[in-house]
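Heads up, the next two complexes both have chain A, just with different partners, chain B and then chain C.
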Partner chain A sequence: MARMKREEWFDIASDVDWTFKFVDREAVFPEWMSGKGKAPFEAWLSWDEPYKISYPEYVANQREKETAAFAVKSLLRRSKTFDQLDEGWKSVHKAHYGAVALIEFLAILSELRMARFGLAPKWRNVAVFGALDELRHTQLTLAFAHEHIKEDPQYDWAHKAYHTNEWGIVAARALFDGFMMNPNAVDIAIQLPFTFETGFTNMQFVALAADALESGDLNFANMISSIQTDEARHAQQGHPTLEILMKHDPDRAQWLVDKTFWLSARLFAILTGPAMDYYTPLAQRRHSYKEFMQEWIIEQYLRTITSYGLKKPWYWQEFVDGLDTWHHSLHLGVWFWRPTVWWKPQAGVSRAERRWLLSKYPDWEQHFGWIWDQLIENVNAGRIDKTLPETLPWLCNTCQLPIGTAASPSNEKYPIRSYQLEHDGYTYHFCSKPCRQIWWKDRDTQHMKTIVERLLTGEINPPTVEGILGYMGLTPDVMGDDAYKYRWAEEYREPPKQAAE
Partner chain B sequence: MRNPVGPVLRMNDDMDAIIAAIRADNPNKEVEVIDRTAYVRVQAEDELTVRRATLEDHLGRPFQMHELERVLSSFAGRIESGTDSIRWYLAA
Partner chain C sequence: MTEPQPRKLRTWSAFGDIKRVPSEYEIGTHGLNYTARKDRKAALESSPTTPVNLWLLTYRDKSPLSCDDWDGFRDPDQMTYRKYVELQAEQENMIEGVIEEYEAKSHDAHLSGEWVAFLGRALCPMRYPNHAIQMTQAYIGSIAASSYVIHAAAFAAADMLRRNTVVATRTRQLQKAWPDAGFGINERGTWETDPAWQPLRRAVETALVAYDWGEALTVVNLALRPAVDFLLLNALGEAADKAGDGLTWLLLSNLAGDSARNRRWSTALARYAIAQCSENRVALVRWLKHWQPRIDDAVAGLAELVASAPGAGATREVVVKRATQVRREALAEAGLS
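So, the complex of A and B:
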C-alpha cells in the first residue's frame, strides 16, 4: 500500500493544540516562562519548523546513529589506538568531556522548557526531539569518557567538573546558566538553537572533528560529528522563532543574538582555540582556529543572521581582531595556571610550532613570543616555580575569564586593562567593553560571583594556592601539568640553527 | 563563491554517491566540494537541491529522504525538507 507523503498529514498531526476552558492562556504560558513579549499569542501560531521529521523517522535515524557510534567504539576498544594518541591531543578530549558532558544534560532542561512553554504546538513537538537528542549526547559523552578513567583519572572530570568550582567551569556555568537556564522559551530559542547551535557548536563538533581524524582519533571524531547531526536538526527551532521576533520586536532579537554571540566567542576562545592551535600535534594541524572561525562563523553564520535582517553585532571588528589575540592569551594563562585545570596543557611553542603560529598569526611573536621566551628561560634554568602561579588573575564579572585575555601586553588597540563599572557602591571589572555592556543590560541573568571575589570575601580558605586548588576540587592526581614534562623546551638550550631557520 | 549554501556531510561510505546526486540535481550550477577529511562541504551559490529519486539512482538502493540526517552534520543557509527532496537556500 502506498504511504501518504509526510507533507500530506504532518501539519495536522504536529499542529494539535489545546483549547483552554478553565484557565487563561496567560496562566498556561506565563510571560516569565514563555516570553511572548510584544508578539501576540496569535502571531506565534504561525511558527513552522523548516527541518521536518516525524517520530518514526526520528527513532529510525537515532537508532542508526547510535549503532554507528558504538560500533566504532567497540572496534577501537580492542585496538591500541588510544595508547598511541598524543598526550597533547588527549587534553582536547579531557577539556571537551569535562566542559561539555553535563552541559548536554543542561540542554535537556532547556529543550524541555521549550517543549512545555514554547508558544506553538509544532515548536513544542520539535523541542521534545531536542530533549531526547540532548539526552543521547549526555549519555554518549559520559560513556566515551568513562572508558578511559582506568587509564587516567583526569577523564573522571567528564562527570565531576560541573560539580566543582574549578574556575573554567565557573565561567562555563555563568555562560550556560545565563542563556540556557535562566531565560524564557523565546529567549532560549534565539540564544541556544539559533546562536549557539547554528553557529558555535559547529566549531567544537564538526571543525574539531577534522583535527581529531588527522590526529588518529577516529572514535572522538565519529562521536562529535554524530552529535552535531542532531544539533543541525533541532537548531532549526531558532529560525521560525527569530522570524516572528523580527516582525514584532527586532531590537530584542538583535540584543539576544549580539549578547550570546559575544559570550560564546569568549568561551570558545578558551575551549576550541588552544585545542586547534596548540594541543593538536603540529604534523596533524591543517587549519588554524582563526581559519576555522573564518569558515564557520564569519562566513557561514554571519550570512545566516544577516539574511534575517539582523545587523552585524556592534562589536564586530573587536571580535574579528580578537581572533588574533584572545585564544593565544587564554592559552598562555591556562598553561601558566596549569594546576587549576583537569587536563595537561601542551605548551605548543617549540621552534617549529612557533614558525607555524607565525605563519597563521603574523603578530604572534610580537605579542606573545617574548613572554614564552621568559617562561622557557625559567624552565631551562630549573626555575619551574617561576612558571607557576602564586595567586589568581583578576576575572571579568561577565565572561569570568581573566582580565587581559581579550587583549595582549603590547597591543595598542586592545591593551591589558580593566573596564570598570561602579554600581550600588561596588566596583565591577570587565575584560572588555562588550562584556561590561552585557552585564549592565542583563545583570539579572549574568550575575555570578567570580572566583577572585569569593577569595576576597573569605569564601576560600586558606587564601593560598593550595586553598584555591582545594576549593576548585583539584587533587594532586588530577591537577594539570605540562603535557610533555617540559621536553619541548630543551631545544632552546642551544641557539637556533640558522640553516634550519 | 558569493552566498554559498549547501550541506556539510560527515565522513560516511556514501559520500561520493551523495555528491554525485547533488551535482546531477543541479546541472546548471557550479557545485564546489571542500574536503576536510572528517567533513565535506558541498556548496553552490544561493540555492542547492537534492532529490530522493536521484539519491536512489546513485546509491543503487531505496533511500528515504530523512535518512540524509544521519550524515548531515551541518549546512550553510536555510533548509526546506520534504519527503522527496531537500533544498538549501539563502536570500542574498
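So, the complex of A and C:
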C-alpha cells in the first residue's frame, strides 16, 4: 500500500492556528508586516489555495526538474553553442541575468515574509514552497550565468548589478523593493504573485524561451523554461488573497493592482522591449514586443482582473498607446547611453530591421527614424563621440526612467515633456501623469532621490561622465558598446539598392 | 570607443582575490542580499522611513548581533537547492517505505489503548509548536543580512513543513485505526489547555515576537530547538520504541536528522559571529539568560509529558537532565559553554 493520499491528511496539516494566550495577536501579525487592513483576522482564515501540493510531492517533482535542467547544462557545456551565439542575443542574456538573478533572490525574502506574516496557515505553508522555488531560481540563474564569466566579464553583473547604483538597476530596485519588500504580506501577495508573476513573469519567460530556442540558445531556453514551470504554483497566492481583499476593501485592491501594473510595464519596456525588437537577431524574431504584450498581457490580464470585479486601470489607453513608443524610446536611450549598461546594445536599425520595425510599428520612422539617421550619419563620419552622452537625462521621480521615454519627439498625444508637481517647495518631475499620480498617493514611500538629483546635490563626485560611471560601478571592461561594432551602419554609406526598399 | 582589455575573471568579482574555484554552493549563495550592501541610504530603494526600512534598520542593522562580513559564514552542510530536494526526496522515500511496511502489518490496530491515548496527548498536538517554529525560521530567513543564513533558514522552514506533514499523516493514520479516540479533533484543545504543553506554548508565542533577528536566532535555534527537538523527536521516539510503536519511532528518528542539520548551521553561525566580534558573545549570552527560565519551564513540561509515556521507564528528572545535557552540548558547539 502506498503512502496515503494527500487529501486524507492535508487539512490536519494546515489546522495549526490557535488562540494566543501569552502575546497579542496584533503583535504576532503586526499591521506593518501582515496588513490585514479592513478585513478582520477571521476573514483571512478562509484563505485557500486552489492548487495543492504536499512536501513529498514537491521534493520528488523538483528533484526530477533539477536533474533534467542540470543534465542539459552539463551536456551543452561541452558544445560550442555559446561561441556561435549572436552578440546581440548575448545581450539579451546579460540584461536578463543582471536584472533578474538577484530579484529571484529578493523573491525568497518576499515569500519568507508571507511564510511568517501571512494571515492563514495554508498561505504560510504555500509561501514556504514559494521560498524554495525562488531559491531554486536564484541558484539556477546564477549557475547558468556563471558559466560564461571566463569568456566575458559582463556576465559578472548577473551577481553584481544590484549591488551597484547603475541607473537601470536603481529603477529596478525602486520597482522591486517597492512591491516585493516594502509592503505588508497582503499587499505583497496582490502585487507580486497576482499582478507581476501571473502577468509579466510569463511575458519575460515565455517570450524569451521562444526567442532563445529560435536563436539556437538551448541552454538559456532550458533554464528559463524550467523556472517557468514553478511559477504557477506560488503565483496562486495572489488569487485567494485578492478574493478576500475584494470583499472587504476593493479600493485598496484596485490601487495595488493598478500601480503595480503601471510600474511593471514601465520597467518591462526597457527589460524586454529592446530584447525582443532590437537585440534578437531579425531572422529569429517571431513576434514583436507589442504583439506579445497584446497577447500575453493585455488580453489575459484584463480577463483576469475583471473576473475578480476589478476595473480596467484609469490609465489604460495611455498604457496601450505606449506600446508603440516606450520601448523604442528606451532602446534609443540605452544605445546612446551604452557605456552605462553592462551589456552591448544591438542597435537593431539596419535597413532590413527598419523595414521589420515599420511593419510592426507603422509610425516608427516618423517618431524614431530621423534620430537614428542622425546617429548613423555620425557613426559613418567617424564622429562616434557625437553618439555618446556627456551627461545624464532627467529622470522620473517615480519609475526612475528617463523623462521622455513615455513619449517621443513627434508624438502629438504624448510629446516629450516633464509632468511636474510642486510639493513642500520642491519641484518633482515625472515621465507621465500616472507616475505623478502614483508618487502623490504613495509619496511617503516613494520619496527618494533619482540619480540626477544625487548628481545635483553633490553625492556623485566628480560630477562628470567618468564620475557618474564610477558611481554606477561601471568599469571599462564591462561598459557597454555597440554589439556589432557599428558594422550595421556601413550599408547606409550607399543609398538603398531598390527604391521599393 | 577603444576596445577594453577584458579582465580575466574566473568567478563573481564579489569573491575578491580568491585563490580557489568557489563551490556550486558558494556560487549560488554568496553575497546575494543587496539590501544589506555597503554604501546605501537605506535597505530598500524607497524612502528611508518606510515601515519596512525602519524594521530592517531596527531589527537587523542595529541588532546587538552584528558583524562586518556575514558573508564569510558557511553552512557546514553547504546546502543548495539541488542538494536539498535530492536529500529530502530520498528521506521521503524512506518515510514512504516505513509507512508501507507498517501499514501492511496493520500496525496501529495492535497498539495498546493506553499508548494510543498517549500519542493523542504527546505526538499529534506538536503540529502547533512545529508551525510556530516554522514561522520563526521563515522570519530569520526574511530578515538575516547574509544570503548564507537566509538560505539555511529557508530550508529550515521547509524542514518544519516536512515535520508537520509527517505528524499530520501519522495523525490521520491513527484517526483511521482508532476513530473514536479524538485524533484530528482534540489536538488544539490539548495544546491550549494541557498543563504539560503550556510552558512550551508560552515560549513559542513569545519567540514569535522576538523580532531582533539575533534574538530570534538565539532563542529558537540555539536555546529552544536543541532541547525541544530532543524531547519531541528523540526522547518521544525512544518511548515509542519501548512501547512497541516502531512506526512512530522510525518517523521521529528520521525527522531528527533535519533537526541535527539545523543545529549544525545555527551553532556554526554563533561560533562565526563570536569569532568575528567578541561583543557578539555578550549579546548571545544576555539573550540566553533572559530566555532561560521560559525554556527551562518548557523543557520541564515536555519532560513530564515524555516521562508519562506508558512503560517509559524514565522519570521526569532523568528526562530533564538529558534534555539539559543536550542543550549544554548545543551551546558548547555554539562556543557558548
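The working rule: the second predicted complex is superposed on the first by the 493 of 501 C-alpha atoms of A that agree within 3 Å, B and C clash if a C-alpha of one lies under 4 Å from a C-alpha of the other, contacts with A are read in each partner's own complex, and residues count from 1 in each chain.
In this section, a contact is a pair of C-beta atoms (placed from the backbone, for glycine too) under 8 Å apart; a residue touches a chain by one contact, two chains touch by 3 or more.
All values derive from a computational prediction rather than experimental measurement.
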| task | Answer with first, second, both or neither: which of chain B and chain C does A:Pro50 touch in the superposed model? | result | first
For A:Asn202, decide between first (touching chain B), second (touching chain C), both and neither.
first
First, second, both or neither for A:Trp32, with chain B first and chain C second: second
* Have a look at where A:Ala212 lands relative to chain B and chain C in the superposition and call it first, second, both or neither. => first
Of the two partners chain B and chain C, more of chain A gets touched by chain C
| After lining up the shared chain so the two structures overlap, which partner does A:Gln300 touch, if you call chain B first and chain C second: first, second, both or neither? | first
First, second, both or neither for A:Pro193, with chain B first and chain C second | neither
| message | Output check: A:Asn182 vs chain B and chain C. Expected answer is one of first, second, both, neither. What do you get? | response | second
Going through chain A, the residues touched by chain B and also by chain C turn out to be 54, 60
Chain C residues touching chain A in their complex are 1, 4-14, 24, 27-35, 37, 41-53, 55, 80-82, 84-86, 88-89, 92, 95-96, 99-100, 103-104, 127-128, 130-131, 134-136, 138-139, 141-142, 147, 150-151, 153-155, 157-158, 161-162, 164-165, 167-169, 171-173, 184, 187-188, 191-192, 201-202, 205-206, 208-209
Chain B partner, complex, touching residues on chain A are 5-7, 50-54, 57, 60-61, 64-65, 68, 202, 205-207, 209-210, 212-214, 221-222, 225-226, 228-229, 231-233, 236, 239, 286-287, 299-300, 303-304, 307
Per the touch rule, the chain A residues reaching chain C in their complex are 1-4, 8-10, 12-13, 15-16, 18-23, 27-28, 32-33, 54-56, 58-60, 62-63, 66, 70, 102, 105-106, 108-109, 112-113, 115-116, 121, 124-125, 127-129, 131-132, 135-136, 138-140, 142-143, 146, 149-150, 152-153, 156, 159-160, 162-163, 170, 173-174, 177-178, 181-183, 339, 384, 388, 444-448, 475-477, 479, 481
The residues of chain B that touch chain A in their complex are 3-4, 8, 10-11, 36-39, 64, 66-67, 69-84, 90-91
